[in-house]
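Structures for review follow.
Next come two complexes built around subunit A: one with subunit B, the other with subunit C.
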Partner chain A sequence: MKRNSSTKKEQQFWAYTFLFFPLMLLAIFVFIPILFSLVISFFDWELMASQQNFLGINNFIEIFGDKIFYKAMLNTVLYTIGVVPIQTMLALFLAFVMNQKIRGRTFFRTAFYIPAVTSSVVTSIIFVAIYSKEGLLNSILGIFGFAANDWLTNPHTALISIMMLNIWTTSGYFMVSFLAGLQNIPNSLYEAAKLEGATKRQQFWHITVPMVRPVTYFVVVMSLIGCFQVFDQVFVMSDGGPNNATTTMSYYVYQNAFRYFRLGYGAATAIVLAGIIMIVTVIQKKYFPPNPY
Partner chain B sequence: MAMVYLGPFIFSVIVSFSDNKNLINQPGQIVNSGWTLRNYIYIWKDLPFATWLFNSVVITACQTVTNVFFSALAGFTFAKLEFRGKNLIFGAMLASLMIPGIILIIPKFLIINEFRMINSYPGLILPGMITVVNIFLMKQFFETMPKDLVQAALIDGCNYFQMFWKVFIPNSKPALAAVAIYTFQGTWNEFMWPLIATNTSEMFTLPVGMASLRYELLTDWPAIMAGTILVSIPTLIIFIIFQRYFVQGVASTGGKE
Partner chain C sequence: MLAFSLALIASCIRDKENTIRFSSWQSSPSEKRLTDSLLHCFAKKYPEYKVKFELIPGNYSEKIQLMLGTHSAPQVFYIKDFVAPSYLRYDVLQPLNEYIDKDTSFDIDDFYPQFLDAFTKNGKIYGIPKDFGCFVLFYNTDMFKAAGINDPPKDWEELEEFSRKLTKDTNGDGKIEQYGIVVEPSIDKLMPFVFQNMGSFQDKDGNLTLNTPEFQEALEYYYGLYKNNIATIPTDVSMNNTEEVFGRKRAAMVISGGWFVPQLKDQYTDVNYKVAFLPKGKQMATIAFTVSYSSPKENLLKEETWKLLSYLTGKEGMKVWTSTGIAMPTRKSVAAQLDYIKHPEYKYFMGSVDFARVFQVEYNERWYSITQSAMQAIFYEKADIPQKLKEMEDDMKSLRIKK
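And now, the complex of A and B:
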């Protein structure tokens, strides 16, 4: 009995020792910043000032009248609505194909995955070259008789161009998530379907799609969170332009905080963005749960 | 289909070896253009590319090592030790995962600025030394290891650190590899934090440096493309060597939700 209580105390001592440094770092760079950002958002925070100017909820009131904020929100929503479904379906489709017995499977899997492991700055730069007026995309489209378009400086195509890049980079990443899910589907289900005379397409819609639903849920949550916070691509490819056509919420937060040095206002916009993301994921969890049955 | 995914990289490799600065304006001339290594020599010698590479290597190496060690240590503690406040601390970590990263950026900047660490290695490294996701991954992994190992190690006279180091660590290579690879990839490609936390070119990491080149070199596409290829090579090598772990890692995080 005595021995037991001493090991309990000992355990507690070691546990706190082990967790001390990790928790200190998490406190300074995660827990405190979460609360600190709320504080900042109530101030007109200036870097050099010795005392900060308290604004109350004025930053949040300003957001409601800020046309560029609405534009950024609209762009972000359009971006997310455009990217998430296409990327998810493409990823599932690629995984379904990769799960068949075809030759060179490893090669194809690697090929699809490479954009996902490459730096977002690198892929963005490559696509700037591809999208430029005399770039690769226009010369390919030219073969089919389409007129050249300056994809990233035309306000009608700039956002879509960045969306296409995002679909290209992340569909391969999520394909791997789906592949894992597909491998958990018992082969007997497909065998049975074949005996009943189901086509490949029917098998896909009536076996694969319902069976990978938990993975689909995970993929949609992850890509929603990613799309709502898209930044790197916008920074490198368009700088939010032309005329705010590609200003997303994350980019707007960055712009306010680190270009105009309006840290308080930036923090307030970040909190509104975070609130929207959390509401959307809660709604998704309520209406599209991972396991409906 | 594979061409759609690989095409842009092939295009970028071709352009990077071309000696025709206007190549991008006339893709039809790709075959006629002369081949040269000049673009690579130029970005290596005349631009601070080597400095950025060094910065990226230092930061990535530090963060990968600390992430592997501390996430294993914390994961082990949460999985195998009993202590007061365990559920509370773990709950706080779980809750922090649901907070989108964007709201951390401004406070993190102000904190690092308060420490006078803007534009320094500590400022670039400290905030990324440990991540909650990695702790979760390791905790989940250690939970699959039998509790008897703890008793056996105690009977053998190990203290808890020796138990962690000599019994649990040697048996968790796949999980450690997954954490290492994820951290490597994430840190190597990280853009927003080094962009904000640096203000002079000699402290840039490769992604931040590359982004600055895009505006500095403007239309010297062969040189820019040579840069993108050099940045991608390390990730590509790591990916091809450790492909199995990459795929397992995605699979394990994907399946658990």
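And now, the complex of A and C:
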């Protein structure tokens, strides 16, 4: 009995010894900054000022009267609604196809996964060229008689263009998650279904979809968070323009903090964003639990 | 991590040495070579001083502000006139008046006053302008000749008339290949027109003057060139900037500065061009850009810093710096010595000094995003100009920098 508890203590000691270093890194680069941003969101924090003004909740009051903030919120919500369902369905579909015994399977798997491992800056720059007025997309559409459109400077298409890029880059990434999930489904289920005379489509909807539900949950949460935080593509492709048509919430946080040097206001917007993501995740967890069975 | 903290400690120790740290951005390899040779000249003349050059490759102003905020700024660094007001409002830069007064060989009156003013607040000089550039008109002489025009446009009417003549469908496919001029939805390109029309961005007391007939007329004229299809914008022809549109012969005229000259000589060698003053509106006007060498208030090496600073902006240093013509000298004596006032190309830059203004806005940096969005709304969405101007003023009012 005694021996046992000392082992436990010893185990704990070593566990924390090994954890100390990563925890310290996380503390320095993640936890402390998060807490600190909470603090500065109550200040009119200016980098070069010798003294910081305490504002109380004034930053938060300003946010709720800020037109651009609402626009950014609307853009982010539109972006998420557009990207998450399509991305998830596409990833599941791709994974389903890639899980069949088709020729060149490895090639297709690699091809679909490549965008996910390519730097988002690189893919963004490539897509800037594709979307430009005399670019690839317009030449293809031109064959079918559509007039040329400048996708990224037209306020009606700029956000959709970035959404399409994001769907393309991340579907492959989530496809891998789904593939792992698919391979965990016991083959006996499909065999039983075949014996009962189920078609491929029926198998997909009644076996595959319910069985990968935990993976779907993971994918939806991750892509929701990813969409709420979309930044790099906006930064590279459109700078939030034209006329704020692609200003997303995280981009607006960045603009306030590092373009306008209003760090306090930027931190306050970041906290509102974090709050929204948390609420959405909680709602999702409540109404779409990962494992209802 | 260990290496990182060691580097951190090492950098703290290094600061205590007698090394002057000097930071800048670098827009081209030729600028890098120039900086190296300038520092080399300084080292030769004053071997007792050690200078360490630390390049800041991107996000320059963000980085400098962070360094000033964390007390780790280099002793000498660049500040753009555009962002100077947001530095001058805090007590972070070293006023240089006492050094200027002590140093008899420096001769502060040799500088063109408007460039010095860009870094002066309440009589205190916080930066010495190292050089300047300004917007002039570049025009393609081949296209002008083909259209039967000999001289560059002198006023707004001629600019419009010539642009119309120069806009052509060269291959007869029903689409325009060659535009008269290339513009862009950006406030810096608009401002010369506003100044030419006797307008301004803000008045002497700092109140916004966007919603005035002068400003509105200028914007309507500028946008009208595009609306009437005699001007193009870079995104319409899938290019990155107006200079590229001119260089690839899709437009006969472009408004640009001295920085475009080396590009024309290296990259667009087949373009025959000439330089001219911007066309006159109600008056001659253009905007000038200048960059200063400044120094932080927190500095243990003030005397040494002045030695470097005064060399870089002194008659000798400035001559080295501006001798290749990538930027124009801010000292009258250097301009005279280098004979830029009579130079066939540079005389238009030097001559613009008489009516060029430095464009500075005393509002939080967000003013730029607001104007940029408004310009985009006008160009891309055909937004109503008077209404946009009013909206801009309303959105910007609360951003005014408190004195």
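Assume the second predicted complex is superposed on the first by the 272 of 293 C-alpha atoms of A that agree within 3 Å, B and C clash if a C-alpha of one lies under 4 Å from a C-alpha of the other, contacts with A are read in each partner's own complex, and residues count from 1 in each chain.
The definition used in the following text is that a contact is a pair of C-beta atoms (placed from the backbone, for glycine too) under 8 Å apart; a residue touches a chain by one contact, two chains touch by 3 or more.
Everything numeric in this text was worked out from a predicted model, so none of it was measured.
Looking at the shared chain after the overlay, A:25 reaches both subunit B and subunit C.
By the touch criterion defined above, A:15 lies against subunit B but remains apart from subunit C after alignment on the C-alpha atoms of chain A. Residue contacts after overlaying the shared chain place A:180 against subunit B, while subunit C stays out of touching range. Applying the stated contact rule after C-alpha superposition, one finds that A:226 touches neither subunit B nor subunit C. In the overlay built on the shared chain, the residue A:259 is in contact with subunit C alone; subunit B does not reach it.
When the shared chain is aligned, subunit B comes close enough to touch A:214, but subunit C does not.
On subunit A, the surface touched by subunit B in one complex and the surface touched by subunit C in the other have residues 21, 25, 47, 132, 134-135, 258 in common.
Across the interface of their complex, subunit C is touched by residues 21, 25, 46-50, 67, 132-135, 150, 152-155, 240-244, 255-256, 258-262 of subunit A. Those residues of subunit B that touch subunit A in the complex are listed here as 1-2, 4-6, 8-9, 11-12, 15, 24-28, 70-71, 73-74, 76-77, 81-84, 86, 89, 92-93, 96, 98-111, 113, 126-127, 129-130, 132, 135, 154, 159-161, 164, 185, 188-189, 191-192, 195-196, 206-208, 210-211, 214, 221, 224-225, 228, 231-232, 235-236, 239-240, 243, 246-247, 250-255, 257.
Touching subunit B in their complex are the following residues of subunit A: 7-8, 10-12, 14-16, 18-19, 21-23, 25-26, 28-34, 36-37, 40, 45, 47, 94, 107-115, 117-123, 125-130, 132, 134-136, 139, 168, 172-173, 176-181, 184, 214-215, 217-219, 221, 225, 228-229, 231-232, 235-236, 249-250, 253-254, 257-258, 263, 266-267, 270-271, 273-274, 277-278, 281, 290. Remark: subunit C residues 1, 59, 62, 65-66, 68-69, 86-87, 90-92, 235-238, 364-366, 369, 372-374, 376-377, 380-381, 395 touch subunit A in the complex.
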